[in-house]
Amino acid sequence: MAITVQVDLSTLLTAIEACGIVAFACSGFIEAHRKNMDVVGVFTVGFITAFGGGTLRDLLLDQRPLFWVARQEYAVLVFAMAIIITPFNRYLRSSVSEKIIIFADALGLGLFSVLGTSIAKDAGMPVFVCVMMGVITGIFGGVLRDVLCNEIPLVLRRGHLYATCSFAGCWIYLLLNWLKAPEPAAVGVGIVVTCVIRLLSVRYNLRLPG
Amino acid sequence: MAITVQVDLSTLLTAIEACGIVAFACSGFIEAHRKNMDVVGVFTVGFITAFGGGTLRDLLLDQRPLFWVARQEYAVLVFAMAIIITPFNRYLRSSVSEKIIIFADALGLGLFSVLGTSIAKDAGMPVFVCVMMGVITGIFGGVLRDVLCNEIPLVLRRGHLYATCSFAGCWIYLLLNWLKAPEPAAVGVGIVVTCVIRLLSVRYNLRLPG
Amino acid sequence: MAITVQVDLSTLLTAIEACGIVAFACSGFIEAHRKNMDVVGVFTVGFITAFGGGTLRDLLLDQRPLFWVARQEYAVLVFAMAIIITPFNRYLRSSVSEKIIIFADALGLGLFSVLGTSIAKDAGMPVFVCVMMGVITGIFGGVLRDVLCNEIPLVLRRGHLYATCSFAGCWIYLLLNWLKAPEPAAVGVGIVVTCVIRLLSVRYNLRLPG
(Lines give C-alpha, C1' and ligand atoms only; values in the text may rest on other atoms or scores of the structure.)
Protein backbone atom coordinates (compact mmCIF):
# COMPACT_ATOMS: atom_id res chain seq x y z
CA MET A 1 0.00 0.00 0.00
CA ALA A 2 2.70 2.43 1.08
CA ILE A 3 4.74 1.39 -1.91
CA THR A 4 1.85 2.13 -4.25
CA VAL A 5 1.53 5.65 -2.87
CA GLN A 6 5.29 6.11 -3.12
CA VAL A 7 5.31 5.09 -6.77
CA ASP A 8 2.35 7.31 -7.56
CA LEU A 9 4.00 10.30 -5.94
CA SER A 10 7.21 9.65 -7.82
CA THR A 11 5.28 9.34 -11.09
CA LEU A 12 3.45 12.55 -10.29
CA LEU A 13 6.73 14.36 -9.54
CA THR A 14 8.23 13.11 -12.80
CA ALA A 15 5.18 14.35 -14.68
CA ILE A 16 5.44 17.78 -13.00
CA GLU A 17 9.17 17.82 -13.73
CA ALA A 18 8.59 17.13 -17.43
CA CYS A 19 5.86 19.81 -17.53
CA GLY A 20 8.18 22.32 -15.90
CA ILE A 21 11.09 21.57 -18.22
CA VAL A 22 8.88 21.86 -21.29
CA ALA A 23 7.38 25.12 -20.03
CA PHE A 24 10.77 26.62 -19.13
CA ALA A 25 12.23 25.55 -22.48
CA CYS A 26 9.25 27.06 -24.31
CA SER A 27 9.70 30.40 -22.57
CA GLY A 28 13.31 30.28 -23.80
CA PHE A 29 12.20 29.39 -27.33
CA ILE A 30 9.76 32.30 -27.38
CA GLU A 31 12.39 34.78 -26.21
CA ALA A 32 14.96 33.45 -28.70
CA HIS A 33 12.43 33.72 -31.52
CA ARG A 34 11.65 37.30 -30.52
CA LYS A 35 15.38 38.07 -30.91
CA ASN A 36 15.53 36.53 -34.39
CA MET A 37 17.82 33.69 -33.38
CA ASP A 38 18.26 30.60 -35.56
CA VAL A 39 17.75 27.03 -34.35
CA VAL A 40 21.12 27.04 -32.54
CA GLY A 41 20.05 30.07 -30.54
CA VAL A 42 16.60 28.64 -29.93
CA PHE A 43 18.06 25.42 -28.53
CA THR A 44 20.75 27.16 -26.47
CA VAL A 45 18.37 29.65 -24.87
CA GLY A 46 15.71 26.99 -24.30
CA PHE A 47 18.22 24.62 -22.77
CA ILE A 48 19.71 27.24 -20.46
CA THR A 49 16.25 28.41 -19.39
CA ALA A 50 15.26 24.85 -18.53
CA PHE A 51 18.46 23.67 -16.84
CA GLY A 52 20.38 26.85 -15.91
CA GLY A 53 18.95 27.21 -12.41
CA GLY A 54 19.62 23.62 -11.39
CA THR A 55 23.07 23.70 -12.99
CA LEU A 56 24.05 26.83 -11.09
CA ARG A 57 22.81 25.23 -7.85
CA ASP A 58 24.86 22.10 -8.49
CA LEU A 59 27.96 24.18 -9.28
CA LEU A 60 27.50 26.16 -6.06
CA LEU A 61 26.92 22.99 -4.00
CA ASP A 62 29.63 21.10 -5.91
CA GLN A 63 27.26 18.26 -6.74
CA ARG A 64 27.72 15.94 -9.70
CA PRO A 65 26.48 14.55 -11.97
CA LEU A 66 24.44 17.50 -13.16
CA PHE A 67 20.74 16.79 -13.59
CA TRP A 68 20.84 16.94 -17.40
CA VAL A 69 23.94 14.74 -17.47
CA ALA A 70 22.35 12.06 -15.32
CA ARG A 71 19.12 12.36 -17.32
CA GLN A 72 20.48 12.79 -20.85
CA GLU A 73 17.01 12.17 -22.28
CA TYR A 74 15.84 15.58 -21.04
CA ALA A 75 18.63 17.32 -22.97
CA VAL A 76 17.72 15.32 -26.09
CA LEU A 77 14.06 16.20 -25.54
CA VAL A 78 14.82 19.94 -25.49
CA PHE A 79 17.01 19.48 -28.57
CA ALA A 80 14.22 17.68 -30.45
CA MET A 81 11.69 20.30 -29.31
CA ALA A 82 13.94 23.11 -30.57
CA ILE A 83 14.18 21.52 -34.02
CA ILE A 84 10.50 20.65 -34.26
CA ILE A 85 9.18 23.89 -32.80
CA THR A 86 11.46 26.41 -34.55
CA PRO A 87 9.33 26.65 -37.72
CA PHE A 88 6.17 27.04 -35.63
CA ASN A 89 7.70 29.25 -32.97
CA ARG A 90 5.26 32.11 -33.49
CA TYR A 91 2.30 29.93 -32.44
CA LEU A 92 3.82 29.62 -28.98
CA ARG A 93 2.84 33.22 -28.45
CA SER A 94 -0.89 32.74 -29.02
CA SER A 95 -3.06 33.54 -26.01
CA VAL A 96 -4.05 29.88 -25.47
CA SER A 97 -0.48 28.59 -25.48
CA GLU A 98 0.63 31.47 -23.26
CA LYS A 99 -1.96 30.44 -20.66
CA ILE A 100 -0.85 26.82 -20.81
CA ILE A 101 2.79 27.90 -20.49
CA ILE A 102 2.06 30.15 -17.49
CA PHE A 103 0.35 27.24 -15.73
CA ALA A 104 3.06 24.68 -16.52
CA ASP A 105 5.75 27.24 -15.65
CA ALA A 106 4.14 27.80 -12.23
CA LEU A 107 4.17 24.06 -11.59
CA GLY A 108 7.83 23.86 -12.66
CA LEU A 109 8.75 26.86 -10.52
CA GLY A 110 7.19 25.17 -7.49
CA LEU A 111 8.82 21.80 -8.12
CA PHE A 112 12.29 23.13 -8.91
CA SER A 113 12.24 25.48 -5.91
CA VAL A 114 11.22 22.81 -3.43
CA LEU A 115 13.57 20.19 -4.87
CA GLY A 116 16.44 22.70 -4.86
CA THR A 117 15.79 23.46 -1.20
CA SER A 118 15.63 19.76 -0.41
CA ILE A 119 18.94 19.05 -2.20
CA ALA A 120 20.65 21.90 -0.34
CA LYS A 121 19.23 20.62 2.95
CA ASP A 122 20.56 17.13 2.26
CA ALA A 123 23.94 18.72 1.51
CA GLY A 124 23.93 20.16 5.04
CA MET A 125 23.52 23.82 4.10
CA PRO A 126 22.32 26.34 6.72
CA VAL A 127 18.65 27.22 6.51
CA PHE A 128 18.81 30.60 4.73
CA VAL A 129 21.22 29.15 2.18
CA CYS A 130 18.78 26.27 1.57
CA VAL A 131 16.07 28.76 0.69
CA MET A 132 18.44 30.71 -1.55
CA MET A 133 19.41 27.51 -3.38
CA GLY A 134 15.72 26.72 -3.87
CA VAL A 135 15.03 30.16 -5.29
CA ILE A 136 18.16 29.99 -7.49
CA THR A 137 17.00 26.63 -8.86
CA GLY A 138 13.58 28.07 -9.60
CA ILE A 139 14.44 31.45 -11.11
CA PHE A 140 18.01 31.47 -12.49
CA GLY A 141 17.14 29.71 -15.71
CA GLY A 142 14.95 32.70 -16.52
CA VAL A 143 17.63 35.13 -15.38
CA LEU A 144 20.23 33.52 -17.67
CA ARG A 145 17.70 33.44 -20.54
CA ASP A 146 17.25 37.20 -20.27
CA VAL A 147 20.99 37.87 -19.90
CA LEU A 148 21.65 35.86 -23.09
CA CYS A 149 18.88 37.77 -24.85
CA ASN A 150 20.31 41.08 -23.71
CA GLU A 151 17.40 42.06 -21.49
CA ILE A 152 17.22 43.05 -17.84
CA PRO A 153 15.98 39.83 -16.20
CA LEU A 154 12.20 39.84 -16.07
CA VAL A 155 12.07 38.31 -12.57
CA LEU A 156 14.14 41.18 -11.15
CA ARG A 157 11.95 43.89 -12.61
CA ARG A 158 8.80 45.16 -10.96
CA GLY A 159 6.15 42.78 -12.20
CA HIS A 160 4.03 39.85 -11.16
CA LEU A 161 5.38 37.87 -8.22
CA TYR A 162 7.80 35.15 -9.25
CA ALA A 163 10.86 34.83 -7.03
CA THR A 164 8.59 35.71 -4.11
CA CYS A 165 6.39 32.67 -4.79
CA SER A 166 9.44 30.46 -4.91
CA PHE A 167 10.74 32.02 -1.67
CA ALA A 168 7.43 31.36 0.10
CA GLY A 169 7.23 27.79 -1.15
CA CYS A 170 10.77 27.02 0.00
CA TRP A 171 10.10 28.32 3.52
CA ILE A 172 6.82 26.38 3.75
CA TYR A 173 8.63 23.23 2.70
CA LEU A 174 11.36 23.76 5.33
CA LEU A 175 8.79 24.60 8.00
CA LEU A 176 6.79 21.42 7.35
CA ASN A 177 10.02 19.47 7.28
CA TRP A 178 11.01 20.93 10.63
CA LEU A 179 7.56 20.02 11.98
CA LYS A 180 8.35 16.41 10.98
CA ALA A 181 5.67 16.32 8.29
CA PRO A 182 6.16 13.39 5.92
CA GLU A 183 8.39 14.35 2.98
CA PRO A 184 5.70 13.87 0.27
CA ALA A 185 3.35 16.20 2.15
CA ALA A 186 6.05 18.84 2.65
CA VAL A 187 7.03 18.69 -1.04
CA GLY A 188 3.42 18.74 -2.19
CA VAL A 189 2.38 21.68 -0.01
CA GLY A 190 5.52 23.63 -0.99
CA ILE A 191 4.73 23.16 -4.68
CA VAL A 192 1.05 24.03 -4.27
CA VAL A 193 1.82 27.18 -2.26
CA THR A 194 4.34 28.40 -4.85
CA CYS A 195 2.00 27.63 -7.69
CA VAL A 196 -1.09 29.21 -6.12
CA ILE A 197 0.66 32.46 -5.17
CA ARG A 198 2.11 32.65 -8.68
CA LEU A 199 -1.25 32.14 -10.39
CA LEU A 200 -3.03 34.55 -8.01
CA SER A 201 -0.38 37.15 -8.75
CA VAL A 202 -0.91 36.80 -12.51
CA ARG A 203 -4.71 36.73 -12.16
CA TYR A 204 -5.03 39.69 -9.78
CA ASN A 205 -1.96 41.61 -10.92
CA LEU A 206 -0.24 41.47 -7.53
CA ARG A 207 3.19 43.15 -7.31
CA LEU A 208 5.84 43.96 -4.74
CA PRO A 209 6.45 47.56 -3.71
CA GLY A 210 9.33 49.13 -5.69
CA MET B 1 51.55 40.28 23.08
CA ALA B 2 51.70 38.65 19.69
CA ILE B 3 48.27 37.17 20.37
CA THR B 4 46.84 40.59 21.17
CA VAL B 5 48.13 41.98 17.90
CA GLN B 6 46.77 38.93 16.09
CA VAL B 7 43.32 39.43 17.56
CA ASP B 8 43.36 43.12 16.79
CA LEU B 9 44.37 42.48 13.19
CA SER B 10 41.66 39.87 12.81
CA THR B 11 39.08 42.27 14.25
CA LEU B 12 40.30 44.98 11.91
CA LEU B 13 40.08 42.67 8.90
CA THR B 14 36.55 41.64 9.89
CA ALA B 15 35.58 45.31 10.16
CA ILE B 16 37.06 46.04 6.71
CA GLU B 17 35.32 42.97 5.33
CA ALA B 18 31.94 44.12 6.65
CA CYS B 19 32.56 47.63 5.27
CA GLY B 20 33.45 46.20 1.88
CA ILE B 21 30.41 43.92 1.72
CA VAL B 22 28.08 46.75 2.71
CA ALA B 23 29.66 49.09 0.14
CA PHE B 24 29.55 46.49 -2.65
CA ALA B 25 25.94 45.61 -1.81
CA CYS B 26 24.99 49.31 -1.79
CA SER B 27 26.48 49.83 -5.25
CA GLY B 28 24.30 46.92 -6.37
CA PHE B 29 21.22 48.40 -4.68
CA ILE B 30 21.81 51.74 -6.41
CA GLU B 31 22.15 50.15 -9.82
CA ALA B 32 19.07 47.96 -9.29
CA HIS B 33 17.06 50.99 -8.19
CA ARG B 34 18.17 52.89 -11.30
CA LYS B 35 16.76 50.02 -13.39
CA ASN B 36 13.40 50.11 -11.60
CA MET B 37 13.77 46.72 -9.99
CA ASP B 38 11.62 45.60 -7.09
CA VAL B 39 12.95 44.30 -3.77
CA VAL B 40 13.75 40.90 -5.31
CA GLY B 41 15.94 42.56 -7.93
CA VAL B 42 17.50 44.87 -5.35
CA PHE B 43 18.49 41.93 -3.16
CA THR B 44 19.68 39.76 -6.06
CA VAL B 45 21.85 42.45 -7.61
CA GLY B 46 23.18 43.59 -4.24
CA PHE B 47 23.99 40.03 -3.23
CA ILE B 48 25.74 39.20 -6.49
CA THR B 49 27.73 42.43 -6.36
CA ALA B 50 28.88 41.66 -2.82
CA PHE B 51 29.63 37.94 -3.21
CA GLY B 52 29.93 37.33 -6.95
CA GLY B 53 33.68 37.85 -7.17
CA GLY B 54 34.53 35.55 -4.28
CA THR B 55 32.03 32.95 -5.47
CA LEU B 56 33.55 32.88 -8.96
CA ARG B 57 37.01 32.52 -7.43
CA ASP B 58 35.87 29.59 -5.28
CA LEU B 59 34.22 27.91 -8.26
CA LEU B 60 37.41 28.30 -10.32
CA LEU B 61 39.59 27.01 -7.46
CA ASP B 62 37.02 24.35 -6.54
CA GLN B 63 36.93 25.48 -2.91
CA ARG B 64 33.99 24.87 -0.61
CA PRO B 65 32.18 25.97 1.44
CA LEU B 66 31.58 29.27 -0.33
CA PHE B 67 32.22 32.34 1.79
CA TRP B 68 28.52 33.27 2.11
CA VAL B 69 27.61 29.67 2.92
CA ALA B 70 30.16 29.43 5.73
CA ARG B 71 29.14 32.90 6.96
CA GLN B 72 25.38 32.75 6.48
CA GLU B 73 24.99 35.92 8.57
CA TYR B 74 26.45 38.02 5.73
CA ALA B 75 23.78 36.74 3.32
CA VAL B 76 21.09 37.51 5.89
CA LEU B 77 22.63 40.96 6.43
CA VAL B 78 22.39 41.79 2.71
CA PHE B 79 18.82 40.46 2.67
CA ALA B 80 17.84 42.65 5.63
CA MET B 81 19.61 45.65 4.08
CA ALA B 82 17.72 45.14 0.80
CA ILE B 83 14.36 45.13 2.60
CA ILE B 84 15.18 48.09 4.83
CA ILE B 85 16.91 50.20 2.19
CA THR B 86 14.53 49.63 -0.76
CA PRO B 87 12.07 52.42 0.27
CA PHE B 88 14.97 54.82 0.87
CA ASN B 89 17.06 53.73 -2.10
CA ARG B 90 17.20 57.14 -3.72
CA TYR B 91 19.06 58.61 -0.72
CA LEU B 92 21.98 56.26 -1.46
CA ARG B 93 22.70 58.44 -4.45
CA SER B 94 23.22 61.67 -2.50
CA SER B 95 26.70 63.16 -2.76
CA VAL B 96 27.55 62.42 0.88
CA SER B 97 26.57 58.76 0.71
CA GLU B 98 28.34 58.37 -2.64
CA LYS B 99 31.58 59.60 -1.04
CA ILE B 100 31.19 57.18 1.85
CA ILE B 101 30.45 54.34 -0.56
CA ILE B 102 33.51 55.15 -2.72
CA PHE B 103 35.71 55.03 0.37
CA ALA B 104 34.23 51.81 1.77
CA ASP B 105 34.28 50.28 -1.71
CA ALA B 106 38.01 51.06 -2.05
CA LEU B 107 38.66 49.34 1.29
CA GLY B 108 36.62 46.34 0.20
CA LEU B 109 38.38 46.20 -3.17
CA GLY B 110 41.74 46.13 -1.41
CA LEU B 111 40.73 43.49 1.11
CA PHE B 112 38.98 41.15 -1.34
CA SER B 113 41.82 41.40 -3.85
CA VAL B 114 44.54 40.60 -1.32
CA LEU B 115 42.53 37.82 0.33
CA GLY B 116 41.70 36.33 -3.07
CA THR B 117 45.39 36.29 -3.96
CA SER B 118 46.24 34.74 -0.61
CA ILE B 119 43.62 31.98 -1.02
CA ALA B 120 44.89 31.16 -4.52
CA LYS B 121 48.47 31.07 -3.21
CA ASP B 122 47.46 28.66 -0.45
CA ALA B 123 45.77 26.52 -3.11
CA GLY B 124 49.14 26.24 -4.86
CA MET B 125 48.31 28.31 -7.94
CA PRO B 126 51.12 29.74 -10.10
CA VAL B 127 51.92 33.38 -9.46
CA PHE B 128 50.14 35.06 -12.40
CA VAL B 129 47.03 32.98 -11.69
CA CYS B 130 47.16 34.12 -8.03
CA VAL B 131 47.04 37.74 -9.15
CA MET B 132 44.20 37.00 -11.56
CA MET B 133 42.24 35.31 -8.77
CA GLY B 134 42.81 38.36 -6.58
CA VAL B 135 41.56 40.72 -9.27
CA ILE B 136 38.59 38.44 -10.05
CA THR B 137 37.64 38.44 -6.35
CA GLY B 138 37.87 42.23 -6.26
CA ILE B 139 36.12 43.21 -9.47
CA PHE B 140 33.83 40.43 -10.69
CA GLY B 141 30.99 41.28 -8.34
CA GLY B 142 30.78 44.62 -10.14
CA VAL B 143 31.09 42.97 -13.54
CA LEU B 144 28.18 40.60 -12.78
CA ARG B 145 26.14 43.51 -11.37
CA ASP B 146 26.47 45.36 -14.66
CA VAL B 147 25.77 42.26 -16.75
CA LEU B 148 22.56 41.65 -14.76
CA CYS B 149 21.60 45.30 -15.21
CA ASN B 150 22.25 45.08 -18.96
CA GLU B 151 25.17 47.51 -19.01
CA ILE B 152 28.71 47.16 -20.30
CA PRO B 153 30.69 46.52 -17.09
CA LEU B 154 31.89 49.82 -15.65
CA VAL B 155 35.29 48.44 -14.64
CA LEU B 156 36.01 47.43 -18.24
CA ARG B 157 35.20 50.83 -19.70
CA ARG B 158 37.64 53.71 -19.87
CA GLY B 159 37.23 55.36 -16.49
CA HIS B 160 38.87 55.78 -13.13
CA LEU B 161 41.36 53.07 -12.23
CA TYR B 162 39.73 50.09 -10.55
CA ALA B 163 41.00 46.71 -11.71
CA THR B 164 44.43 48.31 -12.01
CA CYS B 165 44.44 49.20 -8.30
CA SER B 166 43.51 45.65 -7.44
CA PHE B 167 46.23 44.33 -9.77
CA ALA B 168 48.87 46.53 -8.13
CA GLY B 169 47.77 45.57 -4.62
CA CYS B 170 47.90 41.86 -5.44
CA TRP B 171 51.45 42.10 -6.82
CA ILE B 172 52.62 44.13 -3.80
CA TYR B 173 51.16 41.51 -1.49
CA LEU B 174 52.89 38.68 -3.36
CA LEU B 175 56.17 40.60 -3.48
CA LEU B 176 56.16 41.24 0.28
CA ASN B 177 55.21 37.63 0.82
CA TRP B 178 58.13 36.50 -1.32
CA LEU B 179 60.42 38.81 0.67
CA LYS B 180 59.30 36.91 3.81
CA ALA B 181 57.45 39.90 5.25
CA PRO B 182 55.07 38.86 8.06
CA GLU B 183 51.60 38.05 6.68
CA PRO B 184 49.77 40.91 8.51
CA ALA B 185 52.21 43.45 7.06
CA ALA B 186 51.89 42.02 3.53
CA VAL B 187 48.09 42.01 3.76
CA GLY B 188 48.00 45.50 5.24
CA VAL B 189 50.33 47.07 2.69
CA GLY B 190 48.49 45.34 -0.19
CA ILE B 191 45.17 46.77 1.01
CA VAL B 192 46.57 50.24 1.58
CA VAL B 193 48.24 50.35 -1.85
CA THR B 194 45.03 49.28 -3.61
CA CYS B 195 42.97 51.73 -1.62
CA VAL B 196 45.32 54.70 -2.09
CA ILE B 197 45.68 54.24 -5.85
CA ARG B 198 41.92 53.93 -6.14
CA LEU B 199 41.21 57.10 -4.16
CA LEU B 200 43.95 59.07 -5.98
CA SER B 201 42.46 57.96 -9.28
CA VAL B 202 39.01 59.21 -8.28
CA ARG B 203 40.41 62.46 -6.79
CA TYR B 204 42.75 63.34 -9.69
CA ASN B 205 40.75 61.71 -12.47
CA LEU B 206 43.53 59.28 -13.45
CA ARG B 207 42.73 56.91 -16.33
CA LEU B 208 44.45 54.26 -18.42
CA PRO B 209 45.19 54.93 -22.09
CA GLY B 210 42.45 53.51 -24.34
CA MET C 1 58.69 5.84 -36.68
CA ALA C 2 55.44 5.78 -34.73
CA ILE C 3 57.02 8.00 -32.10
CA THR C 4 58.03 10.54 -34.72
CA VAL C 5 54.49 10.77 -36.00
CA GLN C 6 53.20 11.05 -32.44
CA VAL C 7 55.52 13.93 -31.69
CA ASP C 8 54.66 15.66 -34.92
CA LEU C 9 50.95 15.35 -34.24
CA SER C 10 51.39 16.75 -30.75
CA THR C 11 53.45 19.65 -32.12
CA LEU C 12 50.80 20.25 -34.77
CA LEU C 13 48.01 20.24 -32.16
CA THR C 14 49.96 22.69 -29.99
CA ALA C 15 50.43 24.97 -32.99
CA ILE C 16 46.70 24.81 -33.80
CA GLU C 17 45.91 25.44 -30.13
CA ALA C 18 48.10 28.56 -30.06
CA CYS C 19 46.55 29.78 -33.32
CA GLY C 20 43.07 29.26 -31.94
CA ILE C 21 43.81 31.03 -28.66
CA VAL C 22 45.36 34.00 -30.46
CA ALA C 23 42.41 34.20 -32.87
CA PHE C 24 39.80 33.92 -30.10
CA ALA C 25 41.64 36.55 -28.02
CA CYS C 26 41.86 38.88 -31.03
CA SER C 27 38.11 38.62 -31.63
CA GLY C 28 37.69 39.65 -27.99
CA PHE C 29 40.15 42.54 -28.38
CA ILE C 30 38.27 43.80 -31.45
CA GLU C 31 34.92 43.70 -29.68
CA ALA C 32 36.33 45.39 -26.55
CA HIS C 33 37.89 48.11 -28.71
CA ARG C 34 34.56 48.66 -30.47
CA LYS C 35 33.01 49.26 -27.04
CA ASN C 36 35.66 51.83 -26.06
CA MET C 37 37.16 49.72 -23.29
CA ASP C 38 40.58 50.44 -21.83
CA VAL C 39 43.39 47.90 -21.58
CA VAL C 40 41.75 46.21 -18.57
CA GLY C 41 38.61 45.63 -20.60
CA VAL C 42 40.60 44.53 -23.64
CA PHE C 43 42.48 41.93 -21.61
CA THR C 44 39.40 40.71 -19.73
CA VAL C 45 37.25 40.29 -22.82
CA GLY C 46 40.12 38.73 -24.81
CA PHE C 47 40.91 36.33 -21.99
CA ILE C 48 37.30 35.27 -21.50
CA THR C 49 36.81 34.79 -25.24
CA ALA C 50 39.90 32.59 -25.42
CA PHE C 51 39.39 30.53 -22.26
CA GLY C 52 35.70 30.95 -21.34
CA GLY C 53 34.44 27.91 -23.24
CA GLY C 54 37.02 25.51 -21.83
CA THR C 55 36.60 26.95 -18.34
CA LEU C 56 32.84 26.46 -18.41
CA ARG C 57 33.34 22.86 -19.64
CA ASP C 58 35.77 22.15 -16.79
CA LEU C 59 33.38 23.68 -14.24
CA LEU C 60 30.52 21.53 -15.56
CA LEU C 61 32.68 18.38 -15.59
CA ASP C 62 34.31 19.31 -12.28
CA GLN C 63 37.81 18.96 -13.73
CA ARG C 64 40.85 20.72 -12.34
CA PRO C 65 43.31 22.26 -12.90
CA LEU C 66 41.72 24.56 -15.45
CA PHE C 67 43.52 24.72 -18.77
CA TRP C 68 44.86 28.27 -18.24
CA VAL C 69 45.96 27.39 -14.70
CA ALA C 70 47.93 24.34 -15.84
CA ARG C 71 49.34 26.34 -18.76
CA GLN C 72 49.94 29.73 -17.11
CA GLU C 73 52.00 30.85 -20.12
CA TYR C 74 48.85 31.11 -22.24
CA ALA C 75 47.30 33.53 -19.74
CA VAL C 76 50.50 35.58 -19.73
CA LEU C 77 50.53 35.50 -23.55
CA VAL C 78 47.03 36.96 -23.74
CA PHE C 79 48.00 39.57 -21.14
CA ALA C 80 51.09 40.59 -23.14
CA MET C 81 49.06 40.65 -26.35
CA ALA C 82 46.44 42.92 -24.74
CA ILE C 83 49.11 45.42 -23.69
CA ILE C 84 50.98 45.34 -26.99
CA ILE C 85 47.92 45.34 -29.24
CA THR C 86 45.77 47.94 -27.44
CA PRO C 87 47.39 50.95 -29.16
CA PHE C 88 47.10 49.25 -32.55
CA ASN C 89 43.72 47.71 -31.96
CA ARG C 90 42.06 49.38 -34.94
CA TYR C 91 44.38 47.58 -37.37
CA LEU C 92 42.89 44.27 -36.28
CA ARG C 93 39.79 45.28 -38.17
CA SER C 94 41.45 45.66 -41.55
CA SER C 95 40.19 43.27 -44.23
CA VAL C 96 43.46 41.31 -44.34
CA SER C 97 43.65 40.72 -40.61
CA GLU C 98 39.94 39.85 -40.50
CA LYS C 99 40.54 37.11 -43.07
CA ILE C 100 43.48 35.74 -41.08
CA ILE C 101 41.41 35.83 -37.91
CA ILE C 102 38.48 34.00 -39.54
CA PHE C 103 40.83 31.26 -40.68
CA ALA C 104 42.65 30.90 -37.36
CA ASP C 105 39.32 31.09 -35.53
CA ALA C 106 37.95 28.22 -37.63
CA LEU C 107 41.00 26.12 -36.75
CA GLY C 108 40.57 26.96 -33.06
CA LEU C 109 36.84 26.19 -33.19
CA GLY C 110 37.61 22.77 -34.65
CA LEU C 111 40.35 21.96 -32.16
CA PHE C 112 38.52 23.15 -29.06
CA SER C 113 35.30 21.37 -30.06
CA VAL C 114 36.99 18.04 -30.70
CA LEU C 115 39.18 18.26 -27.60
CA GLY C 116 36.17 19.23 -25.48
CA THR C 117 34.28 16.19 -26.74
CA SER C 118 37.28 13.98 -26.08
CA ILE C 119 37.67 15.26 -22.52
CA ALA C 120 33.97 14.69 -21.80
CA LYS C 121 34.22 11.17 -23.27
CA ASP C 122 37.19 10.39 -21.03
CA ALA C 123 35.14 11.67 -18.08
CA GLY C 124 32.51 9.02 -18.91
CA MET C 125 29.77 11.39 -20.09
CA PRO C 126 26.89 10.02 -22.19
CA VAL C 127 27.23 10.62 -25.92
CA PHE C 128 24.89 13.60 -26.39
CA VAL C 129 26.46 15.32 -23.39
CA CYS C 130 29.92 14.76 -24.94
CA VAL C 131 28.82 16.61 -28.05
CA MET C 132 27.31 19.41 -25.96
CA MET C 133 30.57 19.76 -24.02
CA GLY C 134 32.47 19.96 -27.30
CA VAL C 135 30.18 22.67 -28.64
CA ILE C 136 30.30 24.55 -25.31
CA THR C 137 34.11 24.46 -25.41
CA GLY C 138 34.09 25.79 -28.96
CA ILE C 139 31.47 28.51 -28.78
CA PHE C 140 30.99 29.70 -25.19
CA GLY C 141 34.02 31.96 -25.19
CA GLY C 142 32.31 33.94 -27.93
CA VAL C 143 28.98 33.85 -26.09
CA LEU C 144 30.55 35.26 -22.92
CA ARG C 145 32.44 37.89 -24.97
CA ASP C 146 29.15 39.16 -26.37
CA VAL C 147 27.38 39.03 -22.99
CA LEU C 148 30.20 41.14 -21.45
CA CYS C 149 29.97 43.56 -24.37
CA ASN C 150 26.21 43.82 -23.94
CA GLU C 151 25.30 42.25 -27.28
CA ILE C 152 23.07 39.31 -28.15
CA PRO C 153 25.63 36.52 -28.74
CA LEU C 154 26.62 36.45 -32.41
CA VAL C 155 26.65 32.66 -32.59
CA LEU C 156 23.01 32.49 -31.49
CA ARG C 157 21.80 34.96 -34.09
CA ARG C 158 20.89 34.03 -37.64
CA GLY C 159 24.23 34.23 -39.44
CA HIS C 160 27.00 32.12 -40.86
CA LEU C 161 27.22 28.61 -39.45
CA TYR C 162 29.35 28.42 -36.31
CA ALA C 163 27.90 26.20 -33.58
CA THR C 164 26.63 23.92 -36.33
CA CYS C 165 30.19 23.34 -37.63
CA SER C 166 31.34 22.51 -34.12
CA PHE C 167 28.35 20.16 -33.67
CA ALA C 168 29.17 18.33 -36.92
CA GLY C 169 32.85 18.02 -36.06
CA CYS C 170 32.09 16.61 -32.61
CA TRP C 171 29.78 13.92 -34.04
CA ILE C 172 32.31 12.97 -36.73
CA TYR C 173 34.97 12.63 -34.07
CA LEU C 174 32.75 10.41 -31.91
CA LEU C 175 31.70 8.34 -34.92
CA LEU C 176 35.30 7.67 -35.97
CA ASN C 177 36.13 6.90 -32.38
CA TRP C 178 33.26 4.41 -32.20
CA LEU C 179 34.52 2.84 -35.45
CA LYS C 180 37.87 2.29 -33.68
CA ALA C 181 39.72 4.76 -35.87
CA PRO C 182 43.10 5.74 -34.37
CA GLU C 183 42.76 8.79 -32.11
CA PRO C 184 44.95 11.11 -34.24
CA ALA C 185 42.85 10.38 -37.32
CA ALA C 186 39.59 10.95 -35.45
CA VAL C 187 40.86 14.22 -33.99
CA GLY C 188 42.26 15.37 -37.33
CA VAL C 189 39.12 14.58 -39.34
CA GLY C 190 36.91 16.21 -36.69
CA ILE C 191 38.96 19.42 -36.86
CA VAL C 192 39.06 19.45 -40.66
CA VAL C 193 35.31 18.87 -40.96
CA THR C 194 34.52 21.70 -38.51
CA CYS C 195 36.95 24.02 -40.22
CA VAL C 196 35.81 23.28 -43.78
CA ILE C 197 32.11 23.70 -43.01
CA ARG C 198 32.88 26.96 -41.24
CA LEU C 199 34.92 28.38 -44.12
CA LEU C 200 32.39 27.22 -46.74
CA SER C 201 29.64 28.90 -44.71
CA VAL C 202 31.55 32.19 -44.66
CA ARG C 203 32.53 31.92 -48.34
CA TYR C 204 29.10 30.94 -49.70
CA ASN C 205 27.01 32.70 -47.10
CA LEU C 206 25.33 29.53 -45.82
CA ARG C 207 22.83 29.96 -42.98
CA LEU C 208 20.39 27.89 -40.96
CA PRO C 209 16.65 28.41 -41.39
CA GLY C 210 15.26 30.79 -38.74
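Couple of notes before you dig in:
Letters A, B and C name the chains as they come in the text, with residue numbers starting at 1 for each one.
Here, a residue touches a chain if its C-beta (ideal position, glycine included) is under 8 Å from a C-beta of that chain, and two chains touch if they have at least 3 such contacts.
As the structure is a computational prediction, the values presented were derived from the model and not from experiment.
At the interface between subunit B and subunit C, under half of the residue numbers appear on both sides, which makes the contact a different-residue one. Fitting subunit A to subunit C on C-alpha positions gives a rotation angle of 120 degrees, to the nearest 5. Measuring from the averaged C-alpha position of subunit B to that of subunit C gives a distance of 32 Å. Counting partner chains per residue, subunit A shows two or more touched chains at residues 59, 62, 147, 150. Residue ranges of subunit B in contact with subunit C, taken from their complex: 59-60, 62, 125-129, 132, 143, 147, 150-153, 155-159, 162-164, 207-210.
Contact residues of subunit C toward subunit B in the complex are 32, 35-41, 44-45, 55, 59, 62, 64, 66, 68-69, 72, 75-76, 79, 86-87, 147-150.
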